[in-house]
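Chain lettering (A, B, C and D) follows the sequence in which the chains are written, and residue indices restart at 1 in each chain.
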Amino acid sequence: MSGYAGYVGRRLAQFLLVVFIGINIAYVVTHASPIDPVEQSISAVTSFGNTAPDAIEQMRKSLRELYGLGGTPVQQYLTFWKRILSADFGPSLSAFPTPVGTLIGRALPWTAGLLTVSTLIAWVLGNLLGGLAGYYRQSRGLKLMGVIAMGLHPIPYYILAMLLLILFGFIWPVLPISGGATMNLPQTLTPEFVFSVLQHAVLPALSLILIGVGSWFLGMRSLVSNVLAEDYVVYAELAGVNSWRILTSYVMRNALVPQVTGLAMSLGGIFNGAVITEKVFGYPGLGSLLVDAVYAGDYGLVLGVTTISILSVSVGVLAIDLLYPLLDPRVKVS
Amino acid sequence: MHASVEQPHGDQEAQPLLVVRDLQAYYRTSHAGVRRGIRAVDGVSFTVRRGEIYGLAGESSSGKTTLIKSIAGAIKPPLEIVGGSMEFAFLSGYGGLHRAARAELERIRWRHLSYIMQGSMNVLNPVRRVRSSFVDFAYPHIGGSLKQFEQLVVAHLARVKLDPSVLTAFPHELSGGMRQRAALALATICRPGFIIADEPTTALDVVVQKEVLGMIRGIQRETGSSVLFVTHDMGVHAHITDRLAIMYAGRLVEEAATAEIFRNPLHPYTKNLISSLPRIGEDAPRAGLAGAPPNLADPPSGCRFHPRCPLASEICCREVPVMREASSGHRVACFAVNGGDGA
Amino acid sequence: MVAFIRELLRYRTEFRIGLALVAVVLLLSMMASFSPYPPDSVYVVPPDLPPSLTYWFGTTSRGQDVFWQVSFAIRNTLLFGGTVALVSRLVALAVGLVSGYKGGWVDRALMSVNDTFIVIPLLPILVLFYFVMRDRISWLMLALIMACFGWAYDARLIRSVVMSLRQREFTQTSLFSGMTTRQILTEEHLPYVVPILFSTTMNNMVWSIGLEVTLAVLGFTDINTPTIGGMIYWANQHTAMVAGIWWWIAFPTIAVIMAFIGLFLLAVSVNAHIDPRSRLWSTGEAS
Amino acid sequence: MRCISALLLAACVLGSLLFASVELGHAQGIPQNIPRKELLILENPEGTVKNAGWFNIWVINASAQSNGLQQVALDTLWYIDPESGLDGVWDNSLAADKPQYNADFTEMTVKLRSGIFWSDGVEFSADDVVATVMTQIKHPAMRFSAVLTSNVASVEAPDAHTVVFKLKKPNSRFHTNFTVRWGAVWILPKHIFDKVEDPVKFDFNKPVSLGAYVLHSYDPDGKWYIWQLRDDWQRTTLARFGKPGPKYLAYVDPGPPDKRVIAQLNHELDVIHDMAPEGMFALAKQSKTTRAWFKGFPYGHPDPTLPAVIFNTQNENFKNPDVRWALALLIDIKAVAMAAYRGAATISAIGVPPTGTHPATYHAPMEDWLKNFEIDTGKRKIKPYDPTIGKQIADMLRPSMGEQIPTDPAEIAKAFGRGWWRTDPVAAQELLEKAGFSKRGGAWITPDGKPFSVRVMVEGDLRPVMTRAGTMIVQLWKQAGIDAKIDVAQGTLPTRRAAGDFDTFIGWSVETLGGHPDLSYFLDSWHSQFVAEPGKPQPLRNWQRWSSPALDKIIEEIRTVGFDDPKSIELGKDYIKLAVKEMPTIPLMAYNVFTAMDQTYWTGFPTSENPYTNPVPNWGNSRYMFVRLKPAS
């Protein structure tokens, strides 16, 4: 077990390194952005009244001060890290003085909820059906499902989402097509609100599942057909081991290993948000916040979202690496 | 020598464990309406007696694997049993496992028929501990409490000189030899009457090979099982089998007691095999035989060996030789040996 | 090679269907060179006409012939997806194989780089990049950037496969028999990695083309060059979905789906064919 | 196999249960617990509001403005209508009368109404106006700080209903800062802001209203805001026109254009702010209850805004008016109108939007001057104006649109505009050659020997119509041998526009009051005193950075002439003539906004037949709509 502890230690060090480099790259890239938040604010402000250049210069100065953009680049960089380490992303520049944390905190539950659930459903469904399709190769239903998965997989997501929206929002209008919950419903944990949230999540989730299930399905099916040819499966079949047991403990269990890797990474990646989902279904979330922030040159907010994203993906990757020896005992930890 | 637990002592000649009659197993494919058949096993007959180790030799793509697949009932399209029958002592009336009812199969497998595979070090599920393989394979047949079962497994492992600790190990944590022995224990834990062993020692180094062969022999003696032992390695056959059949291009060409075959090979192919016999453990190619094994999709007419046979005559191209007893218990299918009349 | 393809054609229905689909799509994309109109010219034909004998795929609200637009778009999109896939596959393969096989500090160093690429969110970077580059951003440049970010995930996958392959007997045997690392990698491991490579290539292309569409829908691509994303962008600008100009969206979508199903079937059948274990079942070469 | 079947069955049952349960509930995108009959649902084009709980409109990063805040919750001194208005275009809102200037326009006195109350029961008074000015002057990071600082020397309230502004320099148009045309300087509640330590960091949540509605509820995720009619609505300025019809207003983010159309077809969105022309056509075809500004084609409401090709006149290539003219003569306005609006555009050759009262004030009277206007191509003199282009567009559309297209010349002029510049590649070539450009192998070379490249910056998705016009213009220029390319600056256009980081862009630097002939609303900002150095940010609206001593003279004269003085119209015409000669921007057409109104629940929307206000729902002026809305029977 000390080998494992050493492994964990080395892996943790690597994790910290990756997070550090990642956040630094994000910092550099966002600060290389040609969009100046001050100019963005000024252009928003000057939509009224003609303003002399000297007045604008004055406004610019006071904004720089207000936003804390003064100081040398080194000082700014140090301030940035001080903030990160105290888990405070500072104020948003495009929604000054609202803290970045508040904005993210508002959007995150929606994104995390929708994407976690639909990623998980797509993963379970895709792997289950893909596993069955790989195992029962002759089943017509599963073959058909394979064709459907193949066809759904490459449809541009935007098109699929719009089609669903037109289908269930217009031609057969049974599902809400906008927002995260019914308007004018207090966001408290009442059964009514929860139901409304679920109801509003059906279409976005369906679109994500439909688009996501295909790749899991196809991946699992080919993994299973590889595993099927393995000696231990052939042998277990010859030995008359219960076929459900073979499917689950022999075939799926072995084929799932790479799929778990994929799951952890896509779960980590959900913090990027699903910009198009949010756009099409008017679903609240991090994606549009992020794009808005980029537009506005609000690098405080961009960095906040990217940092959270970097952290969560890193944790996901770390988790796989730490769990990998458990999933696949063949892998030596050293 | 102990007899099978299930069967009363009896006349072994009268009640063989397995009788294969004129078995034909083809791979059938159909492309754009054109049906093709690959005659991997084409009219094979033999008998495995109780308590013996029956060897089956032949080079790659001679149809050995197809033959044992057919016997084991592991038939998946495009493989088809086209003709013939296989009668097991423990399963009557079906004419082969492939026709047996599902429930019947589940009852028989592992209890009466087990299997030691080629590369059997890879037969253990890599992501589960060794114990669960024993549970999956044998527990349904043995029953009782799990604790009792485990005691039984531990006892059985001792026979193959394995420590009980292997049960909690993952397969990859064991050495090749240990895995081989664990697989052997797994195949024999139910004391089956019939064991099919398909190249069980091929990938092993000489020392381990010898040890494993000894164990197979030991367990077979102890349980009185019959073993169908398939390998291309004539050295191994010499070491372990009681009787030996030589297969070529989907057909048996010669069958006799092992010692008899080595002493007095009759078929030109057998002769060639024996003369080019490598020493045990040496996996060298057999020299001295021109040409390649035939394409079974379009086999040569008559005796399938004739294109490579030094003794081939005109009749060999035309007609198929049948197995005839050349001396007591020594059957051979060759016009040059049996004389020129056809089937 | 020819014999191999002939064999595939003969025994694999999937291969035949796949080949037909890919051929149709390739033909369509090659037609682009014969377009009577420059791809970015508008109002060259009457707008909003449904598919007819004159305009096979109809015309857009911008007065373009959908047939020629799809032809340009699928060509550019496949070129784009192919470039991303090719470049990122090369990197993924190199990193995955070396990292998985070598292990130790090489693995840790490579995986640190790899993980950094995995964890950095791509979308804001692409958007920022677009802001900096503006109209100088060409499809090739976008493809290279996406390739930079598209390899890491699959490198990890390949590495994990190699890591478990490494534990298998034949690797040890090969090692003892004095094969070099390079030999082991190419001769022993590649056959196991190739199927994964194929399927990740598909996924990578779907991913990159999907991302291209996403960027286009958000308005972050070069709208002067027709791509599938570009077509959707313009269709969107003309609310083609609700305006009933379905052919503007349907045909590019169908083209993408055809291309992918075709490529997928090709990959699957080639995979199955080179895999000695499953080959047995179809050509019946019994052992 | 049995297992799979069972699984599939389970999945199907589960799926259908989900849908069934959904069908039981309300599947509509309308607020809960509010009677639909009392509710008007409008689009807020700002989309999803990032910082939803922020209502302090007076700070620099004011969150949402057109979420109902400026339309129904706030108020200021005057409103000017881009259309004819409920009671004339001018409305004294909080002010009791028009602004009173002294003779040299250095002092403005405002008389205020009495009996107007904030929604928390505090009476509105002159102190609120003074506080509005002083608070903002004190805090440079507040929204109107710069403009107030540069104008106001002091502001005083001699009594509760009088405010006196002392100005730093003469400005006869100072009151327009407090006059709503889309928006203005809104009056803040002194009694609230007095208690606030730092007004820049104050969220003003929940907002105290001076308008007729108060905040009822809002989405913390910024998708919707619901406003409720005040019980004491009679104590607001809107009460003069009667009781507003809708008891509740919902300003929502309805998503992309396709979805807005769907939402209105489902009667879940009463007023769409804007969409692509095709969406408008689809709605007109599919919905019997949808009404737009025009009953038929071209539907859209012409906003008093003038989309144009705006040159960066500090760029060497575009310094010469001959070049700008050459580029104008290469444009086929009919093709642009088709590409941008499918013909549903109101074109204008001169630098004033063809909307509101402007056609009567400027376009019609100047027609003769335009017909006789000549330019010198260096080789000859041509008369570039073609007065029949509006008619040509109508004729072009008639075969496909039929009866919707008017035949009466006056109607055609109203809907499609009058004339424009005749496409004249020969004259354009001569002009370019006169400017020292040369054509080599079909491609134009600048005088300093480089390829003549023109980037046309557009805003992409955010302004689809402009993007489409830009693409067409690029195509036309390209055909003439100019290396033209579209440059999508989605999201960055405001920054780049201000920074002068462009060759040309499609946008507007001309915005007028619409209902009033005065042009100083935009023109004053064109004075060379505001033009920034190259590389320095340009304050609005002179994005073309054009400076002209002749124009400065006109502007300075306007500053000394009263707002309603007929002389300012003459000065306006002088500006138009100058701009035609110099062509600092190529005026294209009015910004037609496809505002679609669903009459299923409400009737009485403003239309071209009953043009009492601007229906475009993000305009502050749209509040007048609410008093005319009646429930549909």
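Convention: a contact is a pair of C-beta atoms (placed from the backbone, for glycine too) under 8 Å apart; a residue touches a chain by one contact, two chains touch by 3 or more.
Note that the coordinates shown come from a computational prediction; the quantities given were computed from them, not determined experimentally.
The chain pair with more C-beta contacts between its two chains, of A-D and C-D, is A-D. Ranked by separation of Cα centres from subunit A, the top chain is B. The geometric centre of subunit A is 37 Å away from that of subunit D, both derived from CA atoms. If you average the CA atoms of subunit C and of subunit D, the two centres end up 44 Å from each other. Centroids built from CA atoms put subunit D at 88 Å from subunit B. Separation between the centroids of subunit A and subunit C, computed from CA atoms only, is 22 Å. Multi-chain contact residues of subunit D (touching two or more other chains): 256, 258, 262, 490-492. Counting partner chains per residue, subunit C has residues 131, 167, 218, 241-242 touching two or more of them.
With touch defined as above, residues shared between interfaces to two or more other chains in subunit B number as follows: 122, 172. By the touch criterion given at the top, residues 40-43, 47, 61-62, 131, 134-135, 218-220, 222-224, 233, 236-245 of subunit C touch subunit D in their complex.
Residues 34-36, 39-56, 58-59, 61-63, 66, 92-98, 103, 106-107, 110, 125, 128, 132, 136, 139, 141-142, 162, 165-166, 169-170, 173-180, 182-187, 195-196, 199, 202, 244, 279-282, 284, 288-289, 292, 294-295, 297 of subunit A touch subunit D in their complex. Taken in their complex, subunit D has these residues touching subunit C: 256-258, 261-262, 275-276, 278-279, 281-282, 335, 338-339, 342, 455, 460-462, 464, 467-468, 471-472, 475, 485-492.
Contacts from subunit C toward subunit A in the complex involve residues 108, 111-112, 115-116, 118-125, 127-128, 131-132, 153, 156-157, 160-161, 163-164, 167, 195, 199, 202-203, 206, 209-210, 213-214, 217-218, 228-229, 232, 241-242, 249, 253, 256-257, 259-261, 264-265, 268, 271-272, 275, 277-278. Interface of subunit A with subunit C (complex): residues 10, 14-15, 17-19, 21-22, 25-26, 29-30, 32-35, 150-151, 153-159, 162, 166, 215, 218-219, 222, 225-226, 229, 257-258, 261-262, 265, 268-269, 271-272, 275-276, 279, 287, 290-291, 294, 302, 305-306, 309-310, 313-314, 317, 324, 328, 330-332.
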